[in-house]
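Take a look at this one; I'll ask things after.
For clarity, chains are labelled A, B, C and D in written order, and residue numbers in each chain start from 1.
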């Protein structure tokens, strides 16, 4: 067994076991529900990430491999048209069997075979698929955290997932501006490490000079917007955003609750807690991020501005708040690194569209990213639910502009 | 302790434990989902039936009683506007906490206090509420069976709830007619035993002479209707029924599946099994029952015709198929009793409206029946999911004409 | 030409011309829209009633008859599955061609041929179809009035259809009770005159003794209900009614508007006028009629009670307010006839179901009534939009319980 | 009166009269309906464009001006939150009064006052508002043509708006590629002429070298895609596009009809006509344009690529097919100008987002463009429904990706 295999096997097992660890505090009942279409049952995540390895790695490559259960392809396919029919998405929360224990057996079965298969010294191409499967599983780890938060946080009992974080409360520093001069810049991934197809198409963009804030917007600043009639005044809102606000009676970020005149926030660790005014605001839609920026007379950065600024001013360091910290909540300001990484995904003003030269890969994995490049906005930088080794400068996350069950937030920008 | 108390306590405990017995074969995951609005999560049934005793019996009557958890009123109220706000019905399936074990503790807590309370020799009025609570719980036992069947039967794996029934297959006897002569008849409940408010208003009706079939319509007879283009020809269908057929692409009763050219039926005991042509057809809507009758050139009986005929020709005997048999599926013909009781609820041609002199009781229990008397049809006779001691001649069940997840079927009638 | 033919031809021409007279005050634009699914464009009524004669009388019976335009069958079929496909109901308001003038030419063409045909001494059976077509057209005259009222009354300009009625204002007399003793009664149509199939099945019912109000409920009495929190208190409402109130934010009858603290009513003649407290309340749903009655501690009569009482206490006289008066609004109390006929259709507590012995006629006309006998309630007595010679004791009108764009109202009843 | 005033008055009157000319062939009935939410009634367009001048020019600037009717602000406001409440968009098609004639009187009244006002030598700022109003009216002239086409083209009678065009049929030339080299380019409007705010923010972009087709894609080429299973194969479709195809059962462009095995196209002039294989494909959504390009292994140009290429290779000449030709249908290839202008709006691959430095104007006109910059795609070049003097190089049109009732089409691009 050569070194790379050892390395990939170790990483494989670590990632697989991390997923199960995330689900540990859950009851069997917590694993099964789907309160909104965007949330998938934790049990489904456990099965789907496993199905990915079974379908794309083992079945076509491991000689004599027998699928754990032929029905699972139907149950755990997410959106791959190439792979056949599937449970429609809105029905995921109605499937009580197989139960959690059975799905864990499925995981164990596939892991055993993956171990066996990785011992066989598979070729480069398959290794790349395994790598993709691991990155895919890390993405689902992050979704799991959002989904668990939604499942527990919408329960009228507000049960906590973990113990309340004991963190030093830091006051947010005054907001300063980081400048970037006009010029052409390289955008997109290059180099050896893993990256998704949507980062490819290394290309040049021209940027006019601009300034970008040196930290995220805080709950306290967002509360000012609210107290200033933010949700009652159409002016800063996009037309369809204003309709969204009114139709859904939106009057605060997701997971905020006004309890006896005091704003609280549901947190995975600790449950319903008083709002920390110095922590970055999170669980806001693009609509809200954009309205806040306009209310301030400013704007969001483009994803290119973000990438160029982050390359110069951002860094991942020990104070970066990723899922590895287990805090699962953005925290009062992390000095020194300008908060580009971790804490919250930052809405950019860029629509999610292919880069020049982008090409979707052949086959089913070609359905991974490209087919979603419409009516979504790009977010950058990772969050407190992102594994530290999963994020990078060029990573493009994307969501529909009305969504906010994820850890999303904002940073301001302006032309200078 | 006087005899009646002993008696009611015994019955109380037996009914309470029966509910839990029904849920025994379920996994925790099975307890929590709500695949359609009509289905409630088994866990919710366990909690709601308990909440009924806590709210209507213990809290107003047992001195010093402390509720198990003040949030449970919000979680387990079904539709009682008088008792305060509640989880909206479509959200029942998103509530994972309290878990099944916690709800069983709630049951145990309330049962302890009920025992204690019933020992205190409560007055007549409260005893009546306890009686209502027990009847209510038996109704939920029946709903539990429908709901479990739906949860498991819509799972692509078709998991069985219990072992396949081993039953003698009987051939359906030729359909004969039972005659009733013209005249006035008494309708509604009289006597000492328990009855619901909707059976009250003992009153007289005039019936023209008619004949009613001596048995239920079978799967085989219904299949003939299907093979005769039953679902493709608008003629026998009510206008909104025809729209329902087309919008929902209905082409067979609920829980029927065509597997390799052979019709199967999902059964709680045994899972997916070949259709028994001699068993009564079930899981049909009023629309389908009515269309079948019209296709035959006949009609459904009114609820009055049914009651008068059943009084004369029906009986509950040892061959009656109630939930006590544990078969949970209508079975090939039960001779001798004309099948009026058990097996399937029989759709009548009567809309569910109040009897003359009907009055809803005072207070919250007044919301039990009266407020649902619109746009629903009456069914009579109980089913294989009804407890034997819960049914009676005058019992009026009711459902919207499009519903069919319950054990519903039909019997023909005609004027003579 | 024999007398009966003369007679029918005269009536035919009179009815046909009445329909056009109703549409006279309308602009071409008024003829074309469909603001809600229940309202049909006036142009469609003009065409559809003509299509009825063309399709059911001329085409099968008049030798050599050529249809005016082969596309009109598609355009003007309402709901006859037997006659082929058609514009879906919700699309009726999008069809601008043929225009009103073209449709009037169609009417004229068909009328010419009908004259010609009726001269040919057609047989009894066809005469019956012509009779049905005339009754059908009178029903559409009434619908036209509702629909015109809706089209103009929902326009923010509240344009009037005709000049304000100048009527003596009468004060409502105190409400008295008319008694009917217990016994069996004959229900349904007998005799020579025209009647619809749904009145057939002459049969006997048994009624317990009861009393019925000697007049309709007034706007003033209904306003009391409103001011007593009628729309804010769930108690008198059926469960689905209460949901309807809340979903649709209902807080008054249809066509009521609160203008500077004073309730007004949109009237065809005169437009927006101050509410006449002594006139019968109208444009209320069954839900509202039923809630009002329950709030009073009383109830609505069954359709049988209504028919028996009307036979004894009701009469059509010169003070009866039918469409022939051209008032098009129920008016302050008409003494002497107990208001059973005209003014408003009276909601009964009876669901619309077939009478014993009811049989739908053969062929397309069999689709006229029977297929709608589900989830609707019966109304009796005709309204200020009903032609006087169209109503009779046994006439059964029917609407879904939530509808109220027609002239509907209520009369109270009670057991004694 | 100075020359500029003369000039603007002449243009004002010409534009105003052109709008009425477009509506001339319509019946009053045609003016009033709204078959889908995107279509507005022609009568509404007539009123709304007039309201714009009344509200933004006359009312604040012409001393003593009295509005024609105070209710019209409510009736004819489109989406200006700043100006008060309005008829909700989906209700526009239910408003039959004021009728067409009344609205024409309103137009005449406002035109009189505009003439009077423009004689008074108004200041620069107001002239700019008048200019905006004229451009606005030209946009509505274009929408009118789409909407009329939809209203007549969805009528089962397929009535023609005008006489069939007699045009020389040209064969489409082979598709060639126009190259553009890598570099930085200026984007956005500069100079004196009118432009919309969304073209402002003159800025620099960097483009990699690329090639763009020298003509539009034809019906014939699109038919190939269809015959190649274009609508049956998920591969070239964006994920939400594929859902759109299946939910709406899309299998051809809008206004295409298969008549006895031969594809036809509804055309304003001539009605239903056999498909011209050499004419540019039109009435396709972004989803379809994008899928076609992917099926070809190519892509759509960005709006920047389009603008740079058009600047170099495009021109408006006498063969350009704008609304002034009265053809109202894209036509077989117009040689020499590479078809960049006229015929059809070309879908680009760019999401509609603000340019750098974009700022919405103050006040109500600030609602003109900016608030729609989300979930829409940019189209360029004008169409056969665009007035020739309304289009320019930098003009940005925008629609949601699923819309296709407008004259939309596509041109291919590729990296080289």
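Descriptive notes on the structure:
Criterion: a contact is a pair of C-beta atoms (placed from the backbone, for glycine too) under 8 Å apart; a residue touches a chain by one contact, two chains touch by 3 or more.
Model, not experiment: these values are computed from the prediction.
Path length between subunit B and subunit D in the chain contact graph, taken as the least number of steps between touching chains: 2.
Interface residue usage between subunit A and subunit D, two copies of one sequence, is largely shared: over half of the residue numbers at the contact are used by both copies.
A centroid comparison over C-alpha atoms places C as the chain most distant from subunit A.
Our note on geometry: subunit A versus subunit D, Cα centroid distance of 38 Å, whole angstroms. Computed from the mean C-alpha positions, the centre of subunit C lies at a distance of 46 Å from the centre of subunit D.
Computed from the mean C-alpha positions, the centre of subunit A lies at a distance of 46 Å from the centre of subunit B. Multi-chain contact residues of subunit A, defined as those touching 2 or more other chains: none present.
Under the contact rule defined at the top, the touching pairs of chains are A-B, A-D, B-C, C-D. Residues 79, 81, 184, 203-206, 208, 234-235, 237-242, 286, 299, 349-351, 353-354, 356-357, 371-375, 401, 415 of subunit A are the ones touching subunit D in the complex.
Contact residues on subunit A toward subunit B in their complex (touch as defined above): 27-35, 43, 71, 74-75, 87, 91, 93-100, 151-152, 154-157, 159.
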